[in-house]
């Protein structure tokens, strides 16, 4: 069994693809990148063009509609037309450091074959507390990209995130430089404890500016507002409980 | 040394095999799958046809009759005749995620070579508490299998088990789809704390219906009743102790 | 770099080797096997004939005489003459399950190439408490070996050790059967907490009988007696301390 | 993707290299080796000649100047002239034992290709407490090196460090012997809790003598003095707090 298997859909022709932008949003901190990429797939009406399986994913199947299983995977989704996008999404990142390298290198190979001209990797940046106005951090794989990333509203600093960028979002950025593909990593500030659609909405605004395509953020913002409301009620519930306990004592 | 070695018995001829059904029952939660498969091997008089060794099994030998050791392995057992079955049983599953994939893929290759027409993978579904009437959950690798699995008494739902199916039972189901072999996973509800012949007996009833072959469940049911009796006595023993302690106090 | 590298000494000629017996004594529980093998190497005047390095050993060098380092390794020592022995000893066993298989298979390949006619693997059998008269357990890889192993004083039982035999002593025994080399595993009963020369002396008596060669156990017995004395003083020391504490209280 | 990738700078010509000495200073205990090697690179004005990437490094990018990332790597720096040095430095050592062997072997291959005549591996030797006058321990891969290492002020003993030398500093020393390259490991005594420029300065003095090149230790000594001062204030701060607590009680 090959370490990585890429199966393109029979209905997909590589001839359709012209200078696409690749956007990676695999699961990670706050699922920020995953939320953004899946939101864009939905809003832009992208179509699945490939399934990727690997011995470096967890040994697991996911149960879907009607009890039909599928192997844990990563997927490529394609959005054609004037401005083209390929989305890399999936259930899991690699389970090992070595697998991370092998998968990221495979993804760069695919990107080169499909003529990808720009790569965006999306992730979360955990700060350990709830964030009122999530910032979006940026990192790049070539100095020429700095101006446009900052102009789009991302904060670029060698101090944040302090420990570098770990996992697919980081490795794809680093390896793509060797494939001569310009890459940008955008990281939405997030607590790190919860799935964070609010941070995802912030990230989406920056990414929209960078790719020059308006993507309606309403659904992400609504989910963000719902979560804020739920968290607020949780906090108030705790306060009420504390007050009641005080009443018992007092 | 090869990662996986399959040694067929010299007495076994592949010409005997006609459209067999493959039943996997490796060790797992509550040993439900293992109990069912080994029970069927015994009841149907199957014969061992192959031993499988792998660097992905624990580095260990098992001591048998007269102190003679054998390497930890997986085995294939064959039951010929009108309706044919091959059983995949053994001491262990893989010790690593990567090994899980490599072994499951090897098993699918064997299944294709032997002309397997249908695959059943058997396992337990841990719920964390003792279960009075264990349900049997089902998952499938093709929508066309849904009706017969539900008709046989299995509950099919994308909500259960929530985290997907991990290990050999899941991977074999997912990978066999790529080998165009229809597959069904049956999972007996079980506490997850004990070897569970009662759950195995429930699972056997559903499986018997699916394969259209009556398998006497008496021995499994007896073992289940014995275990229930033993557990009951353990619980009563605890209650007695508690009562005695109360008497001391009171 | 190869996974395993075997370097035979330039002074060693395979033509010297005639039907040797291979004795494995790698580090393990109570270092029982290691003590016996190294004792025999010393008593029989064996000479080092090969060094084995592997990526599956810890990434480490050992500092020797005059500060000169050597890579962590396994070694083969040869004792020529009428009755020939090859000893497999070393600093470490493999750090991973997969490495255990790859190394054990390599050792069996060497054994076949050198015409080994019988394999003894030596180890300890941890029981969790100090043992007055350490028993020696035996396991075999062919039924024909049972009588002589029991006659030599080893206890052969499928109940002990309960969990099978893990690591090099077990795997070599299991794999050598596939190389058609008869193998015996001897395990000295030991607490599992301390290096145990007393258990090693017991094991040596059984092994001497099996190989038909008298090996003077004096040094092992002396080291065993010294350790017993040291342990005794430790225990008495504790009792004294307890008594003194009682005096303070009383 | 290859397990290890070595990319030499386009501006670098192997013809410049004549009998260089290789000095390894990768991250480790107290970062002693890393501090010395990076200090020498700075003081001697060495230039980067190669970047080394590997699946055995953590799956991570480091963010640098202007937010531009680079893959976690190891690097070779070259200092030409009469006496030539190559420095091996980097962000990380291997994440696994097997990776340690593969990388160290690769480094020895490079050393042989570049005609390296002597190898120094640098590290720290953790003793678990602050050290007033850090000693420098030495280990060698050939007996002929003992006299000069001791003459330079290193303490060579088979007792220290007791557990051998783990990681790159140890493996490079052990493996280089097989490549017929004389090697010396120098280890600066250090607490093991803090980055230790003072220990690095001690090590540098011994290394300077061995390579016969004066390297100005001022910057290392200054950093060492700053750290001592900071630690002293921390300790005094704690004492003050304790005294204040006593006053409250008293």
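Residue numbering begins at 1 within each chain, and the chains themselves are lettered A, B, C and D in the order written.
Here is the rule we go by: a contact is a pair of C-beta atoms (placed from the backbone, for glycine too) under 8 Å apart; a residue touches a chain by one contact, two chains touch by 3 or more.
Keep in mind that this is a model prediction, so the values were computed, not measured.
Student: List every chain that touches both chain A and chain D.
Tutor: Expected: no chain.
Student: Examine where the copies chain A and chain B touch and state whether the two sides share over half of their residue numbers (same) or under half (different).
Tutor: different
Student: Among the chains, which is located farthest from chain C on the basis of C-alpha centroids?
Tutor: Relative to chain C, the chain whose C-alpha centre sits farthest away is A.
Student: Using mean CA coordinates as chain centres, what's the gap between chain A and chain C in Å?
Tutor: The mean C-alpha positions of chain A and chain C differ by 53 Å.
Student: CA centre of chain B versus CA centre of chain C: separation in Å?
Tutor: 38
Student: Please list all residues of chain D that touch 2 or more other chains.
Tutor: Within chain D, no residue contacts more than one other chain.
Student: Drawing the touching chains as a network, do you get a line, a ring, a star, a complete graph or other?
Tutor: Its topology is that of a ring.
Student: Kindly provide every pair of chains that touch.
Tutor: Applying the touch criterion to every chain pair yields A-B, A-D, B-C, C-D.
Student: Mind listing the chain D positions that touch chain C in their complex?
Tutor: Those residues of chain D that touch chain C are 94, 97-98, 100-102, 104-106, 138-143, 146, 149, 156-158, 160-161, 163-167, 170-171, 173-175, 177, 185.
Student: Going by the contact rule at the top, pick out the chain B residues touching chain C in the complex.
Tutor: Touch residues, chain B against chain C: 1, 54-72, 95-96, 99.
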